[in-house]
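The structure's right below; bear with me while I get my questions together.
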Amino acid sequence: MAGIFDFGPAIVLLPFLSFLIAVGTALSGRDLLPKGGAIPGIAATAGSLVLSVAMAAAVAGGEVYDETIYTWAVGAVPGSDGLELTFGLLIDPLSSMMLVIVTLVALLVHVFSLGYMNDDGETGLPRYYAGLGLFTASMLGFVVADNLLMAFMFFELVGLCSYLLIGFHFREPGPPSAAKKAFLVTRFGDYFFLIGVVAVFATFGTAQFVGTEAAPGFPVLAEQALAGEFTANTFLGLGTEAWFTVVGLLVLGGVIGKSAQFPLHTWLPDAMEGPTPVSALIHAATMVAAGVYLVARMYGFYAVSPTALGVIALVGGFTALFAGTMGVVKRELKQVLAYSTISQYGYMMLALGAGGYVAATFHLLTHAFFKALLFLGAGSVILAMHHNENMWDMGGLKDKMPVTYYSFLAGSLALAGIFPFAGFWSKDEILFETLIHGLDGQPLLLVGYVFGLLAVPVTAFYTFRMVFLTFHGDARTEQAESPESVRWNVKGPLVVLGTLATVAGAVNLAPVRVLTGAHVDFLHAWLDGGFSDLTVHHYAEIDPYSSAYIGGELTTVLLGAAVSLGLALLGLGLAYRLYAVPEPVEHTDKLGSAKDLLYDNYYQDEYQVYLANRVVLPVARAADTFDQGVVDGAVNAVSSVSLFSGSRIRRIQTGVVSNYAALVTLGLTALLVVFGVLGGWLL
Amino acid sequence: MSDAGSRPRLKLGGHLLPGLAAVALFAVLAIVFLQASFGEPAGFPEGASITASIGYAMFNVDTGILSETVVSGEGFVVAFILIAIVLDVAIDGAVFLAKREEDGRIGGVLADGGREIRDALRGGDD
Amino acid sequence: MIIEALIGITFLAALVVMLAPDEYAGKLAFALSLLPVVGSLYMWAGFDAGGNALMAGSIAYQTQLDWLTVAGYDLQWFVGVDGISLPLVVLSTVLSSLAIVSAWTPIDTRQSQFYGLMLFMEANLLGVFTALDFFLWFVFWEAVLVPMYFLIGVWGGPRRKYAAIKFFVYTNIASLVMFIGFMALVFNLPVGSFGLPEITQSLQAGELSSFVGLDPATLKLAAFAAMFAGFAVKVPVVPVHTWLPDAHVEAPTPVSVMLAGVLLKMGTYALLRFNFTMLPDVATRPLVATVIAAIAVISVIYGAMLALAQQDLKRIVAYSSVSSMGYVILGLIAYTGLGIGGATFQMVAHGLISGLMFMAVGVIYNVTHTRMVGDMSGMADRMPITVGILVAGAFGYMGLPLMAGFAAEYFIFQGAFASTVIPSAPLFTAASMFGIVIVAGYLLFAMQRTLFGEFSLETDYEVRRAHFHDVAPLAVLLLCTIALGVAPNIFFEMITDAIEPVVAVVGGGA
Amino acid sequence: MVPPQYYLLLAAAVFCIGVFGLLTRRNALLFLMSVELMLNAANINLVAFSYYWGNVTGQTFGLFTMALAAAEVAIGIGIILVLYRNFHEIDVTEATTMRW
Amino acid sequence: MEPLLMQADQLPQWTALAPALALGLTGLLLILIDSVDPDSSRPALLAGIATVGSLASLGLAGWFLSAGTGQAGTGGGISLFGDALVVDGMALFFQALFASVTALVVVASYDYLHDHPHRAEFYSLVLFAATGMALMAAANSLAVAFIALELASLPSYALVAFLKRDAGSVEAGLKYFLIGALSSSVFAFGISLVYAATGSLLLPDVYAALSGGVEGLTGVAAVGILMVAGGFAFKTASVPFHFWAPEAYEGAPAPVSAFLSSASKAAGFALAFRVFVVGFPLDAGIDWVLLFQVLAVVTMTLGNFAAATQEEVKRMLAYSSIGHAGYALIGLAAFSGGAGGDVLGASMAHLLVYGFMNTGAFLFVALAEHWGVGRTFDDYAGLASRAPMASVAMSVFMFSLAGLPPFGGFFSKYFLFMGAIDAGFWWLAAVGAINSALSLFYYSRVVKALWLNDAVGEFELGSTPTALYAAIVFAAVATVLLLPGFAPVIETAQSVATTIVP
């Protein structure tokens, strides 16, 4: 196994190196590097991208790689080899695709940052680039992880980086708070994930995703266990399948946290406090994507647990609609994008839960491009608007920043799912898969499908509300009149991503395959390669779903696509009617009482803050009072009682010698009586 | 002590009360002694000189070599020497204590627990 | 002989520093404290022991001399290290040196006495971790109290006297309880010395006879309870933890560092050596295991909840130590390789990280003269490097992967989850794991309020950047933490080797 | 013969009378006298049982007890003397500067 | 040393009493000098003679001990004068202890009595009391025991009242004397009852007569034994005969307090150990082990609890001395026949260590009195800054009394507890442990006052009293060295204790 894969660790280590360089620069406190340390980051991500592409090429050639490269620790098990906790690289179609996405987006974000951060005169740039470098490195480490523990570790590091970057502007009140919230909420999810990791080890004795023939990975073991070929340890008296479901749901906790699924999505809108390029990175390629990627990574395990899949689908579908509705009323550009992210990842979850492994991966891919694009575009606008993010202060930017506008428009069309942009293909495939699996007696999936379908017009509506308010009509403020111009380092990434957002759908034209029979579903083929246990058709074999169609397959495809496209256009049209006017006004009042509900995000933040401030904190204070009063009070009481009894005992010593004599006599008499009785010579 | 200046003292009417302890002690002793049973007293042999015997015992005289009848007893010569010293010491101590001091108070030592100073400062007993 | 040299040199250094003039005492103490550091590293380099010292494993650097005979028992000068004690020895020497450096700024009175006592304490700590004879161990164990009493009482905060006496008396009571329990055990064994290996092996051979009407099993249970209670205070676990926050809050920074970093580990070390190695049959009784696991979980969660309610940064870290020590207890009672190994590893890891946290808080205190969360904000603006390290340390405390704390906690969780000793182990484990959420909560809240936002300070002190010698120990500790997190095998391998026999007795898994 | 019990009872009675005096009298000299009574109670036993056991040990020891009583009185008088000089009375309950 | 050791073996038997004789003769010499030259203005000479005398006694006792005089190796205890005295290892052990304390007290008193006129009396009384104690340790007959006890007590009364112009001292003397007189009467009555039951005063004979119980006289013997125990309780300041102790120790000149609370207490134990172990069998109608268990528990608890709330250091030490009597009583309370020698030895060792640390502590109080800094804890505040050496020494005494390493008191106390546990009386050790913890609280108050508290005002300390200082420092050094050097002490104590067990 020599060759390109030996450079696998370098993909992770290059950005890490750039992190170290940036940290060194930051510590020195001097301006040692040009561009505040951006250059090493750009070089490193570019290097990683090159390597990733090379690896993807190798994978395309049918090669895969799964090697343990470092043994972290070995737990002693008397009489056997022990439990090995290792680090390893797993490079297969899925991870190599993800590597390319991550490195590409990271590279573009680095470049964009030159414009967004450097040109804007930010301070603390080495710290910023250090964060980006570590962020990229952590995500890449997560992507290539060949076992669940390693994945968890890098998953956590991703969380750390999000904290550091969201809170980059630590002198302001908002960012540190948002950073804290992001870490805390995702940590809550990770708590379950960690239990899941522990449980996987305890259940299977390994957490390898793939493993070898002799020692297969845990998804395979789970399969075998259900087939009765392997005895997995189960706990708490649960049956094998029930236990697997529990473990799967535990791991899912981390996914829900990181991928901002209901009910742990609340951190994500707040995370917009971070610099915009960071948002792009978080949303498109790293942190949020990590959750969905994890499910895809260990899909074989979920596939054997129908309950877990059902939960995933339902959570995803619900989140897709739920988040979309909140995006409808937001005034800030980035807030709209934030809710769109939550919503889009909901789609991916829906797909995964519905057995649409390819669809989910596909949407992950296209979303990475168009969401990165939209964020960078938004960044461009924000830069132009001197960091005013309120869309109601914009308007008419279309003519002043055409590059931004057209690329942003491409991204918006993709997000809204308008044919033929990338988002259309992937979203359509998700809905299609959900539908056909749901029709085959899975009412849960049909519910998810309805959610997903309803989310389509909502998505289109808020997306184009955003576009129209920002770029169309007349400039509503002076800033919008004369926006700051942006340079190549902003425009370049926009152009690249705009192109990708437009055409990336071509990698998996599944409906076309159905229509024409031509094998144009390249991604499907791609993901069907590599380790046999990790292939699409393997997953299809083990998952609990089969397909049913309305009419025939073709009819269903066309019907589904038509409905979703129609709904998207409906939403777009509505947005056009309401906001593509010279003087748009808020129409939120028409929503009636729902308005407040939407503005306040269904009180999701409120109840979580309530839980924290009104439940946990008082409980903590009560515990503190209890501790000080009762526990410590008991300790102090022992000493007080001792001292008090001491002060009583010393009163025996009255100072009058006659009393002493009396006490001596009494004491002697008492002893005589007691021992007389005991000794039997008195009474 | 509620009222300042009142030293604890035995109450006049009840000053015999502690005596009950002595009565109780006697009761206990009496009960024990009345239960004791004794054999016949060994008594002293006829013609033995008790005084002489005491003398022999007092000085550890080996009575085996004496012809007269003696009552045996343990040797007390050590006790005798000791008692001499005890009396010596008693005299020494008693004389020392009884001596009148010519030069007023002794030294600067305050061995009353600092109470004198405290009382002087507070102007009274506590 | 190297252990004797190590302890002797440290005692000697204490004496020398005690007599040195105040101006040079700090530097001199640091220079002299490097000798034991070098010594312990040398011991590490040449470490060749295998297995558990108490269970017929080979002991490194062993010396065994008869000292005196009491009631037919030999008291020995019996020292040596195995895979459990060596990491703690290294931790003690390294942390002592760093704590001494961290004292340079805050300690400005009676320096020579301060540093002398620090070294004196270090010497005794080394004794605790190397002694293999009960009485010798007990001498060192108790002797640690004396310097600690003065260090808190003389150089501490406003309520230092209360805190010092409370610490002193509380832990002393605990020692006495433990002593009685242990002695009741020893006297009913057919052993001729207080050598811990001999006692352990005799106990495990089932040679205990009954005592004043208690059959051996009951006697073991009683002794176990007494010893557990005694050590629990030192650890400390809920509900006998209340001396700790008081002591920490009042103690000066370097003393807190030693208290949290090393002194608490005495308790867990002793629990491992005595309760869990000598009396596994008691510990693994379902009821006992349940109670201990429950105590562990309560310590973790309750300690963390208390930390959440605090406003004083030091109190926060102090309560979080209670929480972290709960993990150790959980790992120990798990009786699995990763559980006990992780617990031992956590002793070292928590030593480094809590030391780091206390030091960092101390550095901030040095310049702000307040530790109250509400009194300051935006410290990151004025002390970027210190704050940076503090943040890193805090994440280490939260169990960030690739730092030592995560490794330790993960081992413990993994070990405890699959434990066959704790009934319903997964539930206990999952419950205790919730600590990682709460710890994130209180540390993040505290950091947000003190370190970030706009700079403001309630006290009228001119905030200046910290000295190099204030920050350098922090950096060293951070690097050690990361090194152990990335490569836990630095210590974990030898720990595993040493605890495997303990696990094997019970037949536990990973 | 008088049964030995009687001597024991007599001695106990004398002893307890001594104790009674000790407990109820505040005059230091009476205190001393009470102590003398108690010591002599011991002597009654010693002498009586010297005969009972047929050895002179008891009698001899009785002599020593008397001598000791004398020595005790000597010291006692000395102390009472200084007590008087300091407190201007010999009431033993007056000297109560130290208590508790 | 070998020839010298041989020689000790070949001396006439009576010379085994040399340690006691040295003390007694020195006392007589001092009286002689006093009568020849009543207004002697040569305090150094008097102090020197007393010191030399006590050191000679110490040297002789030490020599005999190391030579094995009276020990199993050389034929066992040397009986003298019709078995009235026996010189064995235990006697010599205690004599060495008394001589050490006497030497320390004598040296310290040189400064304490710096302008006091009656030095000769003082020294002679101290030495006579020491003589009495030395003989108590060797007494093998109840008669000698009683007289020796009086020889130790009578000078003590006078010594407590030594500052006869000082109301406190006199009051202390009065109370000590009165309770002492009562106790010695009880003791004498007890002896008479034992004689009534056995017809003998020699301990081995008493033992033989009492073994298996005396037909019909069990009650008499039992009452006698209990009353004898009362006599010892007085001497050792054990409940319920302890009432004199707080006042006597507090009111007496501090060196006398040191002497009484260390040496006199140890003498009481020396006698009690021998009388009970050699003289009274365990089945003599009264379970005296249980009796001492009760006394031990009550004594240590009362002493420690009362000490915890005192405001004055000296009185606190007085109560702590009662508490320590309770610990030492464990020697008898955990006595269990044949194997009892070990716990007895532990008790002896504790008394030896206690001799140094407690004497030292009282001498520090003497130093404070000498300087006139007051007596309460508050008065001691910040003293460490003015007298660091002495304060270090005091801290050593306090921690050692509390039973902390690295000081001698640590071992002695823990060996006592071990002895109790070994004998099956773990609860006794538990009570001791609770008390010990409490004692840590009040001992550390002294340390706290010295080191942690700030002085209220300026100290106007006079010159440094060299002799007093030397005695304190010596005691401190001994207290520290008794930890590493505990081996010979405990081994000797246990081996000599084992030999007296019948």
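First chain written, first letter: the chains are A, B, C, D and E, and each begins at residue 1.
FYI, a residue touches a chain if its C-beta (ideal position, glycine included) is under 8 Å from a C-beta of that chain, and two chains touch if they have at least 3 such contacts.
Just so it is clear, the model here is predicted, and its values are computed rather than measured.
**Student:** Quick check on the contact network: minimum steps from chain A to chain E?
**Tutor:** 1
**Student:** If you apply the touch rule, which chains end up adjacent to both chain B and chain E?
**Tutor:** A, D
**Student:** Taking each chain's centre as the mean of its CA atoms, which one is most distant from chain C?
**Tutor:** Taking each chain's C-alpha mean as its centre, the farthest from chain C is D.
**Student:** Taking each chain's centre as the average of its Cα atoms, which chain lies closest to the overall Cα centroid?
**Tutor:** Minimum centroid-to-centroid distance belongs to C.
**Student:** Using the stated contact rule, I'd like to know whether A-D or D-E comes out ahead in C-beta pair count.
**Tutor:** Looking at contacts between chains, D-E has the larger number.
**Student:** By mean C-alpha position, what chain is farthest away from chain E?
**Tutor:** The chain farthest from chain E, judged by C-alpha centres, is A.
**Student:** What's the distance between the Cα centroids of chain C and chain E, rounded to whole Å?
**Tutor:** So the centre of chain C lies 42 Å away from the centre of chain E.
**Student:** Any idea how many Å lie between the Cα centroids of chain B and chain C?
**Tutor:** Their C-alpha centroids are separated by 60 Å.
**Student:** Between chain A and chain B, what is the separation of their C-alpha centroids in Å?
**Tutor:** Result: the chain centres lie 93 Å from each other.
**Student:** When the centre of a chain is set as the mean of its C-alpha atoms, what distance in Å lies between chain B and chain D?
**Tutor:** Result: the chain centres lie 6 Å from each other.
**Student:** Show the residues in chain C shared as contacts by 2 or more other chains, in ascending order.
**Tutor:** 169
**Student:** Give the residues of chain D touching no fewer than two other chains, as numbers and ranges.
**Tutor:** Those would be 4, 8, 15, 19, 22-23, 26, 52-55, 57, 61, 64, 68, 71-72, 75, 78-79, 82, 92-93, 95-99.
**Student:** Mark out which residues of chain A touch at least two other chains, giving numbers and ranges.
**Tutor:** Those would be 639, 650, 653-658, 661-662, 665-666, 668, 672, 676, 681-682.
**Student:** All pairs of touching chains, please: list them by chain label.
**Tutor:** A-B, A-C, A-D, A-E, B-D, B-E, C-E, D-E
**Student:** Considering only the defined contacts, which chain E positions touch chain B in the complex?
**Tutor:** 24, 27-28, 31, 80-85, 112-118, 121, 124-125, 128, 131, 135, 141, 143-144, 147-148, 150-151, 154-155, 157-158, 161, 163-169, 171-172, 200-202, 215-217, 219-220, 222-223, 250-254, 312, 314-315, 369-370, 372, 374-376, 379
**Student:** Using the touch definition up top, name the residues of chain E that touch chain C in the complex.
**Tutor:** Going through chain E, the ones touching chain C are 342-343, 346, 399, 402, 404-406, 410, 414-415, 417-419, 421-422, 424, 426, 429-430, 433-434, 436-438, 440-441, 444-445, 447-448, 451-453, 483, 486-488, 490-491, 494.
**Student:** In the complex of these two chains, what residues of chain D are touching chain E?
**Tutor:** Contact set of chain D toward chain E: 4, 8, 11, 15, 18-19, 22, 28, 31-32, 35, 38-39, 41-46, 48-49, 52-55, 57-58, 61, 64-65, 68, 71-72, 75-76, 78-80, 82-83, 85-87, 92, 95-99.
**Student:** If we count contacts the way the header does, which residues on chain A are in touch with chain D in the complex?
**Tutor:** So the residues of chain A touching chain D come out as 650-651, 653-658, 661-662, 665.
**Student:** Across the complex, what residues on chain E touch chain A?
**Tutor:** 174-175, 178-179, 182-183, 186, 218-219, 222-223, 226-227, 230, 239-241, 243-244, 246-247, 285-287, 290-291, 294, 302, 304-310, 319, 438, 441
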